[in-house]
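In this document, chain identifiers A, B, C, D, E and F correspond to the written order of the chains, with residue numbering beginning at 1 in each.
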Amino acid sequence: MRHDGRAMDALRDVQIEKDYLIHPEGSVLITVGNTKVICTASVEDRVPPFLRGSGKGWVTAEYSMLPRATGQRTQREASKGKIGGRTMEIQRLIGRALRAVIDLEALGERTIWIDCDVIQADGGTRTASITGAFVAMALATEGIAEKKKLKSFPIHQYLAATSVGKSEEGELILDLNYIEDSSAAVDMNVVMTSAGEFVELQGTGEESTFNRKEMNGLLDLAENGIHQLIDLQKQALGPICDLIESKEEAAQ
Amino acid sequence: MRHDGRAMDALRDVQIEKDYLIHPEGSVLITVGNTKVICTASVEDRVPPFLRGSGKGWVTAEYSMLPRATGQRTQREASKGKIGGRTMEIQRLIGRALRAVIDLEALGERTIWIDCDVIQADGGTRTASITGAFVAMALATEGIAEKKKLKSFPIHQYLAATSVGKSEEGELILDLNYIEDSSAAVDMNVVMTSAGEFVELQGTGEESTFNRKEMNGLLDLAENGIHQLIDLQKQALGPICDLIESKEEAAQ
Amino acid sequence: MRHDGRAMDALRDVQIEKDYLIHPEGSVLITVGNTKVICTASVEDRVPPFLRGSGKGWVTAEYSMLPRATGQRTQREASKGKIGGRTMEIQRLIGRALRAVIDLEALGERTIWIDCDVIQADGGTRTASITGAFVAMALATEGIAEKKKLKSFPIHQYLAATSVGKSEEGELILDLNYIEDSSAAVDMNVVMTSAGEFVELQGTGEESTFNRKEMNGLLDLAENGIHQLIDLQKQALGPICDLIESKEEAAQ
Amino acid sequence: MRHDGRAMDALRDVQIEKDYLIHPEGSVLITVGNTKVICTASVEDRVPPFLRGSGKGWVTAEYSMLPRATGQRTQREASKGKIGGRTMEIQRLIGRALRAVIDLEALGERTIWIDCDVIQADGGTRTASITGAFVAMALATEGIAEKKKLKSFPIHQYLAATSVGKSEEGELILDLNYIEDSSAAVDMNVVMTSAGEFVELQGTGEESTFNRKEMNGLLDLAENGIHQLIDLQKQALGPICDLIESKEEAAQ
Amino acid sequence: MRHDGRAMDALRDVQIEKDYLIHPEGSVLITVGNTKVICTASVEDRVPPFLRGSGKGWVTAEYSMLPRATGQRTQREASKGKIGGRTMEIQRLIGRALRAVIDLEALGERTIWIDCDVIQADGGTRTASITGAFVAMALATEGIAEKKKLKSFPIHQYLAATSVGKSEEGELILDLNYIEDSSAAVDMNVVMTSAGEFVELQGTGEESTFNRKEMNGLLDLAENGIHQLIDLQKQALGPICDLIESKEEAAQ
Amino acid sequence: MRHDGRAMDALRDVQIEKDYLIHPEGSVLITVGNTKVICTASVEDRVPPFLRGSGKGWVTAEYSMLPRATGQRTQREASKGKIGGRTMEIQRLIGRALRAVIDLEALGERTIWIDCDVIQADGGTRTASITGAFVAMALATEGIAEKKKLKSFPIHQYLAATSVGKSEEGELILDLNYIEDSSAAVDMNVVMTSAGEFVELQGTGEESTFNRKEMNGLLDLAENGIHQLIDLQKQALGPICDLIESKEEAAQ
């Protein structure tokens, strides 16, 4: 058993509270154990220069932590005057992942800005951000569709993410919290669709390595966790699920 | 009556939820109408260079808004690479205000970092930040005191803040929300102690001016609002009030 | 009596030397005791993006100190690569104050850039900047008017500023120099028009507080000082006074 | 066959020219097809603050492209004043990968700075950087060992990297050049040791997804390519191979 | 004759007003025609890291222009967040030039900070800065000597600078003002000592070239101008001249 | 004789390898002793704002060193977030020098971007950059001419640069390497055309001075070295020489 009493293959308690804020077109507070992230989706009727006139839309993401989301206060990136490498990596990952399940042509020349702000961190903030941001993006997209601005609903699959890893003791575990993550020999983030296909796979041996068999064990754990997360997304999204699923079927 | 149905001299609905986050030494979610601010207080056993060896402590504040705290998404200051003038002004104000009610010698060579992160904005974010930050600071200070690290409790008064203003129509009003603030001819932020003394007074005619009589009317409104806010702080702080009040009496 | 021999309610010696530089549309060297500020006004036939096409003009200000304006050399903000909070606060204040006495529609789609460069500092640099900048702005505006580019003269009132404070010993004093400012318990900057109305009021208890009675005493001192400063502005402006005063009367 | 005539499972022509520069402790020019990267390793007798006094060393990497390494000139990051997200991601990856095959305790309190400067780019610059940087690191480490400053040789395995991907047409291919990379549906970077274990695995569906079977096909291709690259590293390293291999055996 | 009535070999009217400001250890307002520069010298009892423990001192310079020193307002470098190439070049030149005439060992472990702030520009700001800064440096150095902190006076020669150039019409001219400088085919800045030796020589053909004979003609003009400038420095320095001259003789 | 065995008036071994990279319109690897610089010329069909619509083109340069071009690793300017003064000075010099031998009107509204990246440094990097950049610029210009986009060939003279100096022992020497440069009493960079005219002349006494006679000796050395460098440029350029020389004759 794990230090918080979970089975090796158990997710932490997950909650997705939709419409958490009044201003954004889509917003969610996602809670995964003690990790809490506010995910918002903002719609802008413009695209970046490289897409102007292309008829295609764009999805981009920004990620940040409140200074005291963590055990020790961390300095704000605004105070430092620059964004760190870890933040850059995460926000590029979130944007790339979401773009895999939305048809940018069907979105039209619009940008969806995703903001993931971690208000409390206990491991898995990037995967919680992706899981929550998917819901925020779907809410915002539904808002555009409602105003009859879209020919067809652009989101064609569900998307969620979790982490898996190999503990110091060599156990394969699902959904690492901060203590587990800090001591893990191998750490892997998996982003997967409702069709069970990978969008991103990032496995890292932390001053360590892993073999093909371990990798397969980790992917089995991840796949199982992601199916549970997608079920929770469906509960949060309610009637919007029909829009996604009809698109999903159309694609098959 | 005002557009949201309030009387001229009425505060919006205010809630102070203490211990909102698990990591910080003190934390609060303050809600003033639709304005919501997470205020945290972090204790560090060091002081800035100009105080080293002085035996005195320090309180400093940082303020930020989530990009989608507002109706339109605003660009992150971390992305811009610099902190704007408005943010600088506000965080200097918060720090200065809090330092007026804490005995920095009694605090000893420690820094209390205040972080005010606005997750939803509807006017009055700087005054909500001060009112919430006072409670976070008191919680963190109590934590230090509990570990018997302080000879005497350093906070000697309550401190809260509100805004008052003159509307376009010339009415004097308390606790302006965003719509009122945007159109006000005069806008005044008042920071006051439980003894009814001013700590900060910042009145601005927005392409307009105000006379002495109007100023006095505004201060009456503010004083009344601040007493109500201090009552709510007391409810949130519970037994910590005894520590502050015994200090308050000692000072008289 | 004060350490420099002044009465409590006495200004320091003030001089306003107009047309100090050859290039700017308006320029002034203002001397307040040992504080010396070069104030210039530059006219640009463009406005910031948020005003384009509105028919309205803009006034904006920048403030800086030479590195050796002060007793200890201070590092240049250009070398640091960013503008500090105090500078931001001051330049926002100067711009806001000046905009209160100029009719931006009458100015037309032009920007007046105010630059206040402190070449020697001995307290009161922000209030000297406002008092001097008003004269520079009036000179530059007269220059536009002379070229018959304006339907009516846009400046409708005089504007000046001074500081007042409560000394360590509890005395209320006018026009604090650096030594007085450093030790003052309360420090208040007052910006006022020739009509005796407030434009800005910023009172700060420096790790201290102040009550309503003290505030009223401070405002009396400030009002008296500002009337003297406006008289000096009138002497410097000479015939331009007629333009302002006819506008002033028209507004009544 | 591929547009440059290669078989699906063929690497491009690879050359590793060691001691390319006279100043660095270790240096290499690695050529992979038209991609050319100068990799240097510099030894410093200090470690970052978080390791001081720990007895452990550190390996860190920086990556950059000359402005005209690419078909279109790209602006220098020094001119922009900040390092982009892609660069950050790559340099973090290179450092992490190298740290997996060096015993930081055996290295002692020293930092090895890796610099990878791309002078010509045609796809695969990050994997060429890792493959070349491993050789530069080994050369520099041998230099320290030669001066009898190390108890045992710290590098315990070879390390190389390549890219694999799924082409637009659905073919699985090894070592993508720029044209293939730009149009690939799936792109995977694999970093592997001489023992055949993974250090990093980063698979990305570019607005696309991939399934488990495809992933396994890609990993087979990568493993085969990496073995060839390690053979080339061995030729370049010559007698230093004995040091690595005796360490490798000791670890088994 | 030149457009301002000067002979080809005539300097503009030059004034050096010493002790212009109250705070700096040395200060000067130098006026060369319409060019006006405030030069200050500040003494700090520390040296940069590369000189610590060496027993040697340092002289370094910073240069800036007020935004409205020029005909068109220029943006502040503090607002841009970085110092431009021209400023860098000039401040490096000023520091290097001054270090040629001061014995850094005799100065001891102190830094003299030179600040040259151009309040009005009409060509020749860098050479006026050097000529004025020399006087400010001598005043500050005398202040240190007076406190008996120096074994011997460290300045061993006078130093001044001027510009020469070839006009569009091919005439060789001394001390170019802004209009002449803008149209000159060749522009040369010459820094020279009282012994008639060169410290810096920077000749530039502006989209043009110059031959050896022209160069010699320009140097004759410059030498003549610099002797006049050194006479003016001597008048400003008064009794300090004895200190420099006894050092000058000792060096011969 | 000099420490590397050269005569006082001897250049180091110089090689100019043209078309060194596949992407740029013009590229060169220039080797001067141990100094190696990659010079590229990139053609862009746009000009900076101040030239738009003028019919004239522009040439601008950037200069950088790889971190380990030097004996000690130097921090990247991209990591520091700003470009240093020395770099700025050098890149301004390179651009200015090249613009003296190209007819910007004949170039038309195009920008030639010159990039000089030092991969190995042993003194004389700025003069090697100019000598190499001239060749890269000529190659790129020939490429434009070949596409019949130019009425006449815009380069009308050859241009090369070298350094000369006075050693510690007072000897006048040509083409200083790093050791000589570090200890030289006087250091002079000379940029000259094939017609034997100066474009730039920058002589600096490094905490030292020099007289007119020494200056003349240095210029004789430089002129001799530059003629040799231009011969090597001609060998590299081959048939492009005819284009330059016919232009050169036309100009006489």
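FYI, a residue touches a chain if its C-beta (ideal position, glycine included) is under 8 Å from a C-beta of that chain, and two chains touch if they have at least 3 such contacts.
This is a predicted model, so every value here is computed, not measured.
Q: Steps needed, at minimum, to get from subunit D to subunit F via touching chains?
A: 1
Q: Treat touching chains as neighbours and tell me the shortest step distance from subunit C to subunit D.
A: Minimum number of steps from subunit C to subunit D: 3.
Q: To lay subunit C over its twin subunit F by CA atoms, how big a turn is needed, in degrees to the nearest 5?
A: 120
Q: Specify the chain most distant from subunit C by Cα centroid.
A: It is D whose centre lies farthest from that of subunit C.
Q: Could you put a whole-Å number on the gap between the CA centroids of subunit B and subunit D?
A: Centre-to-centre distance between subunit B and subunit D: 52 Å.
Q: Report the inter-chain centroid distance for subunit A and subunit B in whole angstrom, where each centroid is the mean of the CA atoms.
A: Taking the average C-alpha coordinate of subunit A and of subunit B, the gap between them is 34 Å.
Q: In whole angstrom, what separates the CA-based centres of subunit B and subunit F?
A: Distance between chain centres: 61 Å.
Q: At what distance in angstrom does the C-alpha mean of subunit F lie from that of subunit E?
A: Distance between chain centres, rounded to whole Å: 29 Å.
Q: Note the residues in subunit F that touch 2 or more other chains, in rising order.
A: Where subunit F meets two or more other chains at a single residue, that happens at 81-82.
Q: Considering touches as defined, can you lay out the ring of chains in sequence, from subunit D by way of subunit F?
A: Cyclic order starting at subunit D, direction subunit F: D, F, E, C, B, A.
Q: For a test of understanding, state which residues of subunit B touch subunit C in their complex under the given definition.
A: 82, 84-86, 88-89, 91-92, 96, 99-100, 104, 188, 193, 195-212, 215, 219
Q: Where on subunit D is subunit F touching in the complex?
A: On the subunit D side, the touching residues are 21-24, 27, 34, 38, 40, 42, 44, 62, 64, 66-71, 73, 76-83, 113, 115, 117, 119-120.
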